[in-house]
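Presented below is the structure to which this report refers.
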Amino acid sequence: MQYAVLKKEYLNEFITRLAQDQKVIAPVAKGYNQFAFEEVKSGEKVALDHIPTILPPKKYFMPQYETLATYHANSSQKMNPVVECEDLILFGVHTCDLAGIQCLNMVFSERPKDINYLIRKSKITIIGYGCNDYCDEYASCRLVHSHTPNGGYDLFFINLGDKFFVHINTLAGDEITEKTNLFEPATPADLNALAKIREKKREIFANEVPVVHERMPEMFSKSYDSNVWEDLGKRCLACGNCTNVCPTCYCFDVTDEPNLDLQTGKRFRRWDSCQNEAFAKVAGGESFRKERSARQRHRYFRKFKYPMEKFSRLFCTGCGRCSRTCMAKINLKETLNQLVEEQGMKNLKAGRETE
Amino acid sequence: MSKRNVSINVEYLTRVEGHGNIVVDVKNNKLETCQLQIVEAPRFFEGMLQGRSIFEAQHITCRICGICSCGHTLASIQAAEDAIGFIPSEQTTKLRKFLLHMENLDSHILHIYLLVAPDLLGVKSFVPLINTHNDIVRRALRMKKTCNDVCDILVGRHVHPISSIVGGFTKLPREKDIDAMHKLLHHLRKDMEATVELAAKFKFPEFERDTEYVGLVSDNDEYPMLTGEVGSTDGVRKNKKEYKSITNEFIVPHSSAKFAKLSRASYAVGALARFNLNSKKLHPKAKAVAKAVGLKPKCTNPYLNTVAQLVECVHSLEDGLEILEDLKKTGINYDEEIIVGLNEKGTIPVKAGNGVGAVEVPRGILFHNYEVDDQGIITKANCIIPTNQNVNNIEHDMKKLVPEILKKSDEEITLDLEMLVRAYDPCISCSAHFLDVKFVNR
Amino acid sequence: MSKPKVAFFDFACCEGCQLQVANMGESLLDVLGAIDVVEFREVMSEKWDQDFDVAIVEGSITTPHAIEKIKKIRERCKVLIAYGSCATIGGVNGMKNNFPLDKIREEVYGKDYKYFETVETRAVPQVVKVDYLVHGCPVYIPEFVNVLKAVLAGLPYQVPDHAVCVECKLNENVCVYEKGVTCLGPVTKAGCNSWCINNGNICYGCRGMVTNPNENGAKDVIEKYNVPMNLVRNKMNMYNQCREIDQSEQKKR
Amino acid sequence: MKKLTLKDSEYEIKKGKILRVRKMTAIETFFEIALPGGESLDHEPGQFVEVSLFGVGEAPISVTSSPTKRGSFELAVRNVGKVTGALHKLKEGDEVGIRGPFGKGFPVRIFEGNDLLCVAGGLGIVPLRSLINYVIDNRRDFGKVEILLGCKTPKDMLFNEEVDEWNKRLDVKLNCTVDKADPDWKGNVGLITSLIPGINLKPERTFAVVVGPPIMYKFVIKELLKKEIPERHILVSLERHMKCGLGKCGHCQINNFYCCQDGPVFSYDKIKNIPEAL
């Protein structure tokens, strides 16, 4: 069975059954139109049609604080490298966040591999969920082609109204459908309904920025000295919100935390941000990205240019989190539009091509 | 017996909060000077409050004192809400009472174990006790930490609580939080029993002086801490709004704190005063403890304030547990969770007014009084701290005590006096914050 | 190595930061196993008149007498830790500086106010050299313990120079600006694990401002969230008023 | 949450035993370190290691000894902060953690058969010393070798004795300069850039290796270009804040390059258009 359906009234039961022998994580409403991935025991609190959560699911792949090793420095330097992990099922991951996880996968499986990440990843089952409409005006997922799924999940749910259409992508996904025993095979009528939804989605999701996706790195190459960055630098508070909420930002800091005996302790890493004051400072006080404008530029280039050269992939998933969270109203779509304008790269047909 | 000369000058009294000196001068058996001087650096809170929003008052005034910051918070909130005519919900009041219990429990434990016990065990501080009475020190720290952990869960932290503000709470405890607090307090029971056992063994100096005891009183059968009128063992009973006619503050040249008196030359507030006024309303378990340690109203030995605190500890613990059990039963209405910055959003209407808060904090009754304009901006603030009310009484105690103990050595007299002052658990840093003192001869 | 001798001192403050030490519970005994407390007036009667290794100083400097006293303490110790916001940045005591000195004295003390000596509130580093800073009103125990460990190991401690927002986001709080309320998180030094916001309040800036705040950035924030500027300013001078002393001194130079 | 022990963590350290400690100047100390069982570090000149002290942290430090030196390797560390400060307190026999070597070193294979001009300012001599000693030990594989050293004052000069020895050699040419001389100083006075115009070199067969503080690069490279040395023949080693050494943590990023993996040694043609590099 590659395609299946799950009746909506079974959703609650589905989650409850899943949660019986594993931790299930799903988006939950936090009020003020804000959401967060949290552990759930049943489907009641699950908010499937959420706008992107405050933090992306990267927090399960690369926790905010992560112990890398415990040590004992009594007589000599002795360490015990560790990984903290647990079996998880992530439910309701939108396509943009699936793309984000794929980006991180690339980074951390590139040599030298990050074993900690890879082990944690191997323990997480992902159930994706397709959006049938835009979250809000900040999203730019069509621009980066992450409004539709491109793999990266074990199961994928699409809302067909009274039921979910389910794509079973992996053996692990198949096991879940077997085990929970609530799914039915998809009928031709279901496939029809799916096709309709896809058709409608094509109409709704128009390219948010009139530029051809593939030309983005070129546009950035030309814009290194653009005034756009100066302007962002004047506004940016360097609060670091944009990078912390970004599903593809993964910079970190490594620090030791000794116990009071000063002999034992742990070495851990925590999220860091290129927007933070001390991030690129070296001894002697020189900072290589002292200006907030340079830091902002770096952030954009790390989304739209550098990863394209290294991984042939944009590291923006169009989730809109950075713009949504920015205190200073720095808006990714706006910035991109300004650059398009400035570089004369406007192409109104872009993203409108039939797929 | 030869005529005694005693000159005691305890500069920077230790193991109390804030800076105070004891000065005693006896010439030829005649007591010439006997003073408790308050020498805390002034901090001008009263002035700093001017021009601030009534919604910020609590954030600022709780920083008068870190030890009783929850008490200041609650008195401040009460005065603020009174001034703008806001009536807190039943749930809010319940949680506030619970917070006050935790404050009393925490503060009393600190006082009994870390500040008083060393005297009774004949050491200078709790530090030597780490070696000699390790289990006692551990228990004290454990109990203190438990109160602190409960406050962490309820209001973010014990010192300068975060989520308790005018209007209610910015974060209400979830079900698991209530369970966690209940578990913590439940575990405290065992340590509490051991505390009672320990305190029963303490020998306090024998000294009696009858005085007027002042505190909250009420007509219902609840041990009044947060609500009620102000009453005294001499039969006074007044509305809290008339607090000025209760404290009748007057100024003495030798101290930077104001003195207070009511029906007699001086009066006392605090655990002993509350016990003397309301012992019938204590939780049965607390009553049993009072009986076991032989504390009966009206007790006129000020040293036994510490014992009254012990009795109150049991009361706060048991009543606190009951509040939690009650909340578990009724559930919590999370719609009451408020967003901070109520004035920024104009959620709670403000009007001009004059509000008074009267709350029984660990050291006795605490008054906050604010006048606000129609924008909710404070135009005048006044606070009367328990220790302010007690210093006068302490001096009267000292004046009676010194002649009675002249036989003792200087060191012993000093220790008795220090212990007397400490028994009141004075919070000197608080008491010097709201003054309007004239220095006659300086 | 023998245990370092540590003494606590307090100036104008609420003594809450010292109390935080007592709030550590039994782990305090671990700390006391590593140091030798020789003076701590609030909980100890012992006095110490010799030199010591570490002075932990709480409170702001508000009287001429205090200026002399802190200078003496500095001479007697090897390491000086400014402990709590009153000491590190002036804290709430700095609000006094919002008023003309004589005016506030007169208001509080009446016409004989001149008897009451007071000077402009200063943070400890504005009077003597300080080796370690433990910010916070009150101090955040985990950070204090980290500083203490650094002191014991003879290592420097770097106060984070990024915004409280960083920690707030890591804790996945709903930003209070979304609720229509101002917050000083974006300009305040992290290190408290966004304590206040975690508990439904806002950041009041008790840890002091980051070294390189975007002074002009408030405009956009205020526009986006539609909050009045004076509210931000009002919060700003609650803890950070003593900053002006540095600024005016910088101008003089 | 389970905590599993990892066998193949990139963060695992090797234990390095300090064989020798020598104070070089007021703020620089020299360390000779051996891995367990005399295991070779197997580095290239110009590569660096992450030196780790538990409870303190890690710092990237260039290996200053030549790979031709067997059995142990050497570091020279300037005390500027937490880790470097703690390193300065270590004694002979103490242990440190070592990860690495990391990064791309100097392309010695490409240098073979060509002339070499080494320009070091201040601490720049630390990585360069590794190259110079390697070249000296394989002297016949290389053409002319010329060394220019610069530092603030004669007191700041590192590796004095070794520099003297290089100076005595017939197959190496050496020139020193200081910004500010003292009475005993017999060498040049002035910026290191002032030494370059006087050098006689064949641009097409010369490789210039430049290591020093950030501001030095711009001016030295300008002089070298005046000498018509091809851009591809100019090598620099860059310093950035680094945490992991694995091309992940982001701190050392110079535009699209990761200094720890793509560098620290870069040829000028590769970075001349990289705005954040120089």
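Points worth noting:
To keep things simple, chains are lettered A, B, C and D as they appear, and every chain counts its residues starting from 1.
Operating definition for what follows: contacts are C-beta pairs under 8 Å (C-beta built on N, C-alpha and C of every residue); 3 or more make two chains touch, one makes a residue touch a chain.
Here the structure is a predicted model, which means the values were calculated and not measured.
Between the contact lists of chain C and chain D, the overlap consists of A. Taking each chain's centre as the mean of its C-alpha atoms, the one that lies farthest from the centre of chain B is D. The chain pair B-C and the chain pair A-C differ in C-beta contact count, and the higher one is B-C. Chain A and chain B have centres, each the mean of its CA atoms, that are 52 Å apart. In terms of their C-alpha centroids, the spacing between chain B and chain C amounts to 26 Å.
Once the centre of each chain is set as its mean CA position, chain A and chain C turn out to be 38 Å apart. Inter-chain spacing, taken between the CA centroids of chain B and chain D, is 65 Å. Residue numbers of chain A whose C-beta contacts span two or more other chains: 258, 262. Within chain C, contacts with two or more other chains are made by residues 153, 158, 179. Touching of two or more other chains is recorded for no residue of chain B. By the document's touch criterion, interfaces exist between A-C, A-D, B-C, C-D. Listed in rising order, the residues of chain C touching chain D in the complex are 153-156, 158. Note for the complex: chain D touches chain A at residues 1-13, 15, 52-58, 78, 80-81, 84, 95-97, 213-214, 239-241, 243-244, 246-251, 253-256, 275-276. Contact residues on chain C toward chain B in their complex (touch as defined above): 11-20, 22-26, 28-29, 32, 37, 40-46, 59, 62-63, 66, 91-93, 95-96, 98-99, 104-105, 107-110, 112, 115-116, 118, 137-138, 176, 179-182, 195-196, 198-202, 204, 227-228, 231, 234, 238. Those residues of chain A that touch chain D in the complex are listed here as 67-69, 71-73, 76-77, 79-86, 107-108, 110, 112-116, 119, 224, 250-256, 258, 262-263, 265, 267, 269, 272, 274, 279-284, 286, 288-289, 294, 298, 301-302, 305-306, 309-310. Taken together, the chain C residues at the contact with chain A in this complex read 27, 30-31, 33-34, 145-146, 149, 152-153, 158, 161-163, 165-166, 169-170, 172-175, 177-179, 185-187, 210-214, 216-217, 220-221, 223-225.
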